[in-house]
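Following this line, the structures themselves.
Two complexes are shown next, each including subunit A; its partner changes from subunit B in the first to subunit C in the second.
Our next item is the complex of A and B:
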């Protein structure tokens, strides 16, 4: 069943292969499919189980918690972040989600991250470095519900922005919680506007909710300023 | 082109995709939705597997989702230990993110059931 589904995806995505079935095209098709299969085996990616509903992308759950008393540095951030696991189907997602605490019940300074498989939840990742995020600050008590709505929309491809979505984060803080969704290209205003509108729809936010878009380069700069760091180039 | 027909392996435009329905809950609730999510072939960025919130929540009740995932790292206070039985209940239903919480949600999972939120 999965193979059939993959074949279907291939057919639709490659318009050029459909128009004229010349012999050249058909020769080209075969090795491509073989390559793809080999890649899957090589990378040992998770695949949907039999009878499960495949997702458009594989995703990975991460968890991070700031060690109390120690200032965060990029390195310790990467060390503090733990992979929980990856999934490829709706059912596999629920298996993780149902065995994880709800974000509203997390304690301390901690985050759940849900990113496409292969993208690290870090500003520096290749997929993120030109990107940014929409941030919504929530009063205590709303994080669990909003997080669930946010990730269900992401997994179900409700944002309709092609490959642009990288992942989502829920951050539990002292007085408020923050949810955010990251995309690849911060300068792409059509995409960021569409993400904002989808967020309003799926989170059912009241019209006066403040939503802030922040580029990761700005986040890095703010972080460096806060920690009293100056760029190697001397400027800021 | 017609002479090439024997050689070419070009496939017809796919029109069917088999979806196994294990549970009546997985049936779509209106005629514009297909079981197993709606497959769009002309969305921006090509084919997308799209699921709405309601369908995803319904999938949660599938028996396939009960077992903890393999290799779930034990993180105290974050990931719960493997469930002891099908009917486990935690003290107030809030500690573990489990069926006790999903049940009320699935019963009114429609788009209209969203709460009003003031931030």
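Our next item is the complex of A and C:
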């Protein structure tokens, strides 16, 4: 597994080349500056500020986008995922959230991930490898509102399943959007049922909304079958 | 004979009161340990409008999905 900060450098340079042609010399230096910034973030423990409302857990925002014209490969997922920042309080969450594009305004094959600090939004992470996710497919136009309701329920500890929640993802796709919430133990049916029921309530979903639970083991197998590989190293 | 055995039973029952208080304290203690920080959606939304929630984060990457100004 590559160092994630090396991966971010590749991601930045790739995006510049794809979208804006060859970067200028000054722009080439940006990824290295980003690396330094990211390292500072990593070393510095995020804590609630004075008078702020602490969260039960610290969380990290991530963003990923499939580079146009570049097929998915074993390395590209980790290379394309970018850490936006971590927070420990309600106020810090809003600072990040209010400075980020809403999912409904994203274009292309893009994902926002919000995971507990220390858990990578990858199937192979220790916290995720025995887990799975609830998936809800949304028609276009609903992603921003549903994503906000989902992450507010997660940050506010509304799922009441102890340590089980790992994170949430919103995936913007061509004809539909998908939101999902990941938990640690796919085999714990009481937990997965409680997450499903809470999702229905907090998202105010119509009774006929289709919700699918998928284990990460199944996701990995499907990914391997699709790509004709024995060992997968990507996950979302 | 009958009277004396009832007295014995009563004497055994008397020390039970402090024990019950102990159990009660233990239940309270374990409740405090599992308490989690939870917020309702409305409470969280209410905090979105405070000035602290609109400041630009100290470390924010230069990236197309990052906005120059806060939006509500």
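Definition applied: the second predicted complex is superposed on the first by the 184 of 236 C-alpha atoms of A that agree within 3 Å, B and C clash if a C-alpha of one lies under 4 Å from a C-alpha of the other, contacts with A are read in each partner's own complex, and residues count from 1 in each chain.
Methods note: contacts are C-beta pairs under 8 Å (C-beta built on N, C-alpha and C of every residue); 3 or more make two chains touch, one makes a residue touch a chain.
Note that the coordinates shown come from a computational prediction; the quantities given were computed from them, not determined experimentally.
By the touch criterion defined above, A:152 reaches both subunit B and subunit C. When the two structures are aligned on the shared chain, A:106 is found in touch with subunit B and with subunit C. In the superposition on chain A, contact of A:142 is made with subunit B only, not with subunit C.
Of the two partner chains placed around the shared chain by superposition, subunit B and subunit C are both touched by A:202. Contact with both subunit B and subunit C is seen for A:98 once the two complexes are overlaid on the shared chain.
For subunit A, the partner touching the most residues, choosing from subunit B and subunit C, is B. Of the residues of subunit A, those at positions 30, 49, 52-56, 63, 82-85, 87, 90-92, 94-96, 98-102, 106, 110, 149, 152-153, 155-158, 202 touch subunit B in one of the two structures and subunit C in the other. Within the complex formed with subunit A, the residues of subunit C that make contact are 36-41, 43-45, 47-48, 50, 52-57, 59-67, 69-72.
Those residues of subunit A that touch subunit B in the shared complex are 1, 4-5, 7-9, 11-13, 17-18, 20-23, 25-26, 29-30, 49, 51-56, 63, 82-85, 87, 90-92, 94-102, 105-107, 110, 137-139, 142, 145, 149, 152-153, 155-158, 160-163, 202-206, 209-210.
Of all residues in subunit B, only 1, 4, 7-11, 13-14, 17-20, 22, 36-37, 39, 41, 43-53, 55-57, 59-60, 62, 64-69, 71-73, 75, 77-80, 82-83, 94-99, 101-102, 114-119 touch subunit A in the complex they form.
Residue ranges of subunit A in contact with subunit C, taken from their complex: 15, 30, 34, 37-38, 40-41, 49, 52-56, 63, 82-85, 87, 90-92, 94-96, 98-102, 106, 110, 149, 152-153, 155-158, 202.
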